[in-house]
Amino acid sequence: MSSESLSPRQGGLLDPLIQSEAWQRFSHTGFYRFIVFPIGQIIVFIVAATVFLTALAYLVALLIPEPRPNIVLSDQISRQLPGMVISGISIGFVYAMVALGYTLVYGVLKFINFAHSEIFMFGSVIGFAFMNFLSSAGVLADWNPVVLVIATILISGIASGLLAVLIERVAYKPLRNAPRLVPLITAIGISFILQDVVRALASITINDFNLTYPTRNIAFFQNPIPVVIGTNEVRVRMTSIIIVIAAVIMLLALNYFVNGTKAGRGIRAISMDQATSGLMGIPVNLMISLTFFIGGAFGGAAGALFGLNVGNVTPYIGFIPGLKAFTAAVLGGIGNITGALLGGLLIGMIEAFLNGLLPYFPAIGIRYTDIITFGILIAVLIFRPSGLLGERVDEKV
Amino acid sequence: MLLKVNNLVKSFGGIRAVRDVTIGISEGSISSIIGPNGAGKTTFFNLLTGIYKPDQGSIDFNGRSLIGLRPDQVNKAGIARTFQSIRLFGNMTVLENIMVGTHSRLHISLPHTLLRTRRFKEQERLVQEKASMLLKFAGLSGKGDELSKNLPYGDQRRIEIARALASDPKLILLDEPTAGMNPQESAEAMSLFRKIRDELGITVVLIEHDMRVVMGISEHIDVLDYGQKIAEGTPEEIRANPRVVEAYLGRRAMGGGANNDSAA
Amino acid sequence: MATVSAMTPAKTGFREILSRPAVGLAVAILYVVVAVLFVFMLDRRSLWYPLASLVIAPIFLLSPLVVASLSMPRIARIVLLVVMFAVVMPVVGISNPPYLELAVQISIFAGLALGLNIVVGFAGLLDLGYVAFFAVGAYLWGMATSPSETIFTENAWTVSYWASNPDLSPLAAGFVAFVQSGAFFFVMFIGIAAAGLVGVLLGLPVLRLRGDYLAIVTLGFGEVIRIFARNLDSPINFTNGAQGLRNIAAPPLPGFYISFTESIASVLGLRVDNPAVLAKQLLFYTIGLVLLFVIILVCFRLKDSVIGRAWTAIREDEIAAIAMGVPLVRMKLLAFASGAAFAGAIGVLYAAKQTFIDPQSFILLQSITILAMVIVGGMGNVKGVVLGAMIITLVELHTLPNLSLQLNALRNAGQLNIPTQLDPAKYQPLVFGFVLVLMMLFRPAGLLPEKSRRLELMERNEDDELPKEEPISDAVLVDGSVPQE
Amino acid sequence: AAQDGDNVIRIASQTPLSGPQSVLGVSMSNAVRLAIDELSQPLVDMGYTVEYVPFDDQATPEVGVSNAQQIVADPSILAVVGHLNSGVAIPSSEVYNENDLVMISPANTNPAITDRGYATVNRVCGRDDLQGPTGANYAAELGITSAYVLHDTTAYGQGVAEYFQDEAERLGITVLGFEGTEEASNFDAIIQPILAQSPELIYFGGIYSQTAAFLAQARAAGYEGLFMGPDGTDSTEFAAIAGDAAVGTLYTTVAGPASIYPNAAAFIESYTEAFGEGPQPFAAQSYDSTAIALQAIQAAIESTGGLPSRADVAAAVRATADYEGLTGTITFDANGDPEIGLYYVIEVVSGDPAEWSNNSIIATLEIPSPLTAAAMAEATPAS
Amino acid sequence: MTVLLELTQVHTYYGHIHALKGVSVRVDQGEVVTLVGANGAGKTTTLKTISGITRPKRGKVMFNGQDITDMAPHHISAQGIAHVPEGRRIFPLLSVRENLEVGSWNVKGGRGIISDRMNQMFDMFPRLKERINQKGGTLSGGEQQMLAMARALMMAPSVLLLDEPSMGLAPVLVEGIFEIVKRINEAGNTVLLVEQNALMALEIAHRGYVLQTGEIVLEDTGAALLQNDLVRKAYLGET
């Protein structure tokens, strides 16, 4: 596992600033390294992706101004732009949070934890269970919505993290010396088990496994916020804003944890060499459990946020977001934390743009969204075989 | 000259690992390349064998340029090598390892393989024979059916050499072949290197830090430092070269260690 | 250097006796006879029928593998296998058609697993989209012969298998008849070629990728093929999209299959209403078996050749392999293409047997199931992979359904009371998940590991005696190539 | 009871009992069980035991076919009720048909099911090529001029959506978009171009779990037009998921709402009592399918005087005429389609799941099956 | 002198390979002890058995009067045993500073102590200070060896286990490494040294053991072993 170097590369326009003494001092403070820089990075990613995709869209509009009779593509783009960007960002952050789980585990144990999409699902179900409990106790409406959201994220995050640790202990730890494909198969087995166990529990307790978040009666979550941009008004859903804020806070915390704390350093050391880490005094198993806990907690929290956003979850919702998040992790460079963030945002944005604009090309349509997304992934990997931010490990021989 | 390298350059990002190296190897010789850690010796081998692409310079081998060839093509052209950190096919037997080495000399055809034609069987038989011959040659008799990863270090070095020999090279490149051997074992290894040249007629180039081996076997030595060639000559000339002594051989212990290039 | 300590003595006694050819032969014959007797003893009317069948089906279907594994004179083995496949299996199949169906499904999945094994097990390339090549073969035959209204059936330029044009000239009619009789096998070859070609086309750009990057790209490719299959119904209809292709043709049924079926049935005293149906199953069984046989032969021949050694070398260490003269991309492409070609051929058989295909038959879960067969059986080991395919197919198609049928029968008989929420029929994937996890935990190298992996496994078994607390990966420290310098 | 084999009659069902589609599959299976419990008395009186054997086809063709082989191998199974997915029903019914075993489908609306003309294959549900146009016709009647059509990319959803689109265009409605998506929960991005074109109607060919989630999010994003779906919409869960956004939704179905049909009301009541939850779409049809099978077996026994052969049962099923079921009166035509399909257009009146049975019928259409229509056309040649 | 570290009749296996067949080794407080032996004799395995990476099947490892046979590696290292493993094994993607920080995992007493120690290391290996923010993997072989040593010394161990610290190093650096070992020992630390370069190792060692195929065949003072015929022939390359 690696994280991007925290100091900007040299040789740019900003060199005079970067080389100034004040900046040097500032750039080594924790405030810069763990707050300013990561937030800057997120903003840069979002802005860059938006600008790039928008430019591309207008380029297409230039080439094919009227893909369908009475549809002027450029008009549609400007009308839909804010909506597409917002939905791209909000789902992008969900993908990013799930992708982090893949990336952390991959970084440390070098295997793809396919059960992670079920951890995500579990988080969404726990979120439901918690809110449903409050709702049936009749106190849901009394809770301050902000407190409610925080509590839900915490509870589903912790529960999912513990579940991930449990899975690691039972199904992966005994196989740590086995060929890497073996835990892949147990992970798939665990997926089946988790889906059905959750389903059985849901069926027994509420006799149904279509779980609808009770928040649809709470005005705070339901009433969209109208935002007027230029001449057109977009309605931003509260849940989208919640996702973005929660994800950013959690990502900052993770960045601090991995790059700024002793435990984080230990995890990074383990990812490179378990045996030597043990020699250094690092409790390897504990650190691996910690990794699973954090990855699981992120997945679970993302699940709860997702559930809150879409309103309805089942034991089977994990698969598609899981697949996309996995794609995102690979796109960004698997094992790389910043890469997972970038990959998630990119996949979310690309999807939003494609889903928003392909309908104007009836011969293609949004049914080809996934194909185009995968096409982009393949193209990126052909030119950057280790993903966008993956370290190019040209093996030294 | 079997191999003629002119003005070879290779950098990694800011690190200039090989700068403007010109080296010639004459046919039938045993020669060494020495130099401090990080001097670019292994990188030089990697450039010769196509694992890295040179930034500049030419490599002419046996009258043809090797620039732009893939490692397998270089192998086919007649250069075989071993690795500084042993890279055997750990889960294959010793014999199988050596058999893989013959790959570039074989005729590979799917129909023949699937139909098990006479020609296929004949070729398999030849490969087997050659592998057994090399097994004996490298002093590994009786260990042919063991998994290579289960053998001790010294034997693994020998397997690597036998595997490299299996492709009938004109030139063999050995990267620190005696590292981790004790003096006794190093002496045995030296006689193996001589046999390779004398009995098989293969030109040998080695990278070594063990001066007993280098001085005892080399007919010619090139010295690299900071990616540049700083000296060449016979062992006696090198031993007497003050630049080499200062950069590499060392008179007395120097606490900080004064070798090395790497990033500025 | 260290010496190799004596092998564990406890097991040798029994093993040694079994390894005598005469004993092996006797045990094999006894096994087969008992298995067949068991099948004929099955009483469909018994309350415990599902449970009995659940136990007996694997016993019976595994018998060829038992014969293949016991030591006995080569000729005896061949005779025994031929008798098994040519006589015992068809007879049992006619008396108990679900077992015949199972045999066909097993041959299909074993063939697929063996194809994937070439890519994953031999060459070490993780392919998560293998089902795409299967789809290519299946759609080829499906599009050629389905009466569903695709561009192929609407336009005259393809010979429709079903509606031969009455106005054809005698010459053309003769050609059509020829194509019809040989079409299946002809298309099977095209399927091999087409899937192999697709394998190369995909492989060319992506084989430079390492490990898990390759996995995600192949996964994406599998999805792409499925999505194309689903969406290529407009603007021009190639695949009939989500509606799928129905009434796909079967290969022509030779007459003697029907008479064979009828005579066997009359010998067994069975009433067979529609012998053609059973005969068709037998035909698929034959094709599946021959195909599987060819695939196994090809696997063995490839593995035990320059090509196989090159693949193993690539799997072990790419850089060393290329430096030793193994052309990486070409050998990887060969692995990809041969694995794909098998899948293509089996796809044709699958479409013909299934008579209906739609994009849902080719989802990611299929690829993963096939991968599970390879790994559960023992990556790289042909016999192991066949066993893995058998077991997973049996568990999915026979064991689990029968388990829930048994519970349901008990419930119908009033002997068991299960709330509907916990209806066992609903939880087959749960049990399947447990089966996967437990199998891997207890046999991490697969049921029948490859030779070298078997050695690793033994090491692990001994390690089990060590304190469980902190198993530190020792392999890393000693064997791992150290990336840093 | 099962020991005395010759008197055991079994009815099998094949539906997805596991996986995401199991909500529907389980409910179908439950309804079959309920029908057998409630309606097998006449057969019991004749001295037979009727048993139910549920199979899980996992919505997967291999599993369906393999189960089908097991089913046909059990001679006491005289009828199959199933499947949910046409992709599974088509290959499995080849096996049934080869063995003369009758299948009655409660849910496969794909035209291909009966268009093969098999003597053993029947269905009690509507056909996509009739249901889709029903919706379009009604939309035209409402004076809708523009519509946006979505589907779930399944054979069912896409099929019905395509028939809707064709009819709508024929009637002069502008179809602003026709899109299929596998997305099940997050529709943010998909809604954008719809909002940008402000259609008067969205038609979504799919199952309620997807369509309801879509509707809720579309309303939240500001969509104010009409929403319409096929019979996959007909579930209390639709209201549970979409909440107040569900109000005003239109859907087409062959099953009238319970509030108007006393039989249906009784069914819902006994179903809820037995299984603790309300029936899902296709449950009523499954009940009817089973009832028809039981009735046909009874008729076959009466005419043959003993345990009938499967072919007898198949013939008896095909001969079903004027059967008064929960979902209307059924007479099979020669292909196994109901001769006259009674299609309702229903409007959702409340976001409360408990109120679902009070949904109001706003149009009723009788549409003949293609065979029947052809026969009628022959009988009264157009002048 | 007090016995600091003691292996009694240790048997270690790799699967069915019996690598140590009853090895007994004693290291006293303040000594430099070296293990000499051919390839595959079991030297590395002995060190790995001490630091808990491999587990002996039989036998006992005592440290400071405490049984550490079945302890996890991180607990053993917390006892004050530092192991510089064969092949250096630097964390390639961590910077030099981070590598040293990882080495001080068990150091109690906060930032102050750690930065003091780090400065000591920089005094000992000035080269490392120049490379403080460079990634470990990009260092040259010699620098990595220094880093490996410094990383182990960060935990101020009472015993240092060194496995072939001179392998692959230029002659000039080999001298430097031995110089440092001497200095460390003079500062009061105990060292267990494994070296192919038996001559130099025996020169600085107080005592030495000769290992052959997993068994101890000789034990004596360093000076005496240097004179021993077997040693001279087999390990010093003399004829």
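Order as written gives the chain letters A, B, C, D and E; numbering starts at 1 within each chain.
Here is the rule we use: a contact is a pair of C-beta atoms (placed from the backbone, for glycine too) under 8 Å apart; a residue touches a chain by one contact, two chains touch by 3 or more.
Keep in mind the model is a prediction, meaning the values are calculated, not measured.
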| item | value |
| --- | --- |
| Minimum number of chain-to-chain contact steps, chain D to chain E | 2 |
| Longest centre-to-centre distance from chain A, chain (CA-based) | B |
| Geometric centre distance via CA averages, chain E-chain C, whole Å | 52 |
| Chain B and chain C: spacing of chain centres that average the CA atoms, whole Å | 45 |
| Cα-centroid distance, chain B relative to chain E, in whole angstrom | 30 |
| Centroid distance [mean C-alpha coordinates] between chain B and chain A, Å | 47 |
| In chain E, residues with contacts to at least two other chains | 17, 38-40, 52-53, 72-73, 85, 87, 89, 92, 137, 139-141 |
| Shared-contact residues (touching 2 or more other chains) in chain A | 196, 199, 207, 273, 275-276, 278, 284, 365, 367, 370, 396-397 |
| In chain D, residues with contacts to at least two other chains | 18-19, 22, 153, 180, 275 |
| Complex interface listing, chain D residues touching chain A | 18-20, 22-23, 153, 177-186, 188-193, 195-196, 209, 212-213, 216-217, 220-222, 237, 240-241, 243, 275-277 |
| Touch list for chain C against partner chain A, complex | 120, 126, 205-206, 208-210, 212-213, 215-217, 219-221, 223-224, 227-228, 230-231, 234-235, 319, 364, 368, 371-372, 375-376, 379, 419, 421-422, 426-427, 429-430, 432-437, 440-441, 444-445, 453, 460, 470-477, 483-485 |
| Residue ranges of chain B touching chain C (in the complex, touch as defined) | 42, 49, 51, 70-73, 75-76, 80-81, 83-92, 96, 99-101, 103-106, 108, 110, 113-114, 116, 120, 123-124, 127, 147, 149-152, 163-164, 166-167 |
| List of chain A residues in touch with chain E within their complex | 2, 262, 265-266, 268-269, 272-273, 275-284, 391, 396 |
| Residues on chain D engaged by chain C in the complex (per definition of touch) | 1-3, 5, 8, 17-19, 22, 26, 29-30, 51-56, 58-63, 65-67, 69-70, 72-76, 85-87, 90-91, 94, 98-100, 110, 112, 116, 153-155, 157-159, 180, 275 |
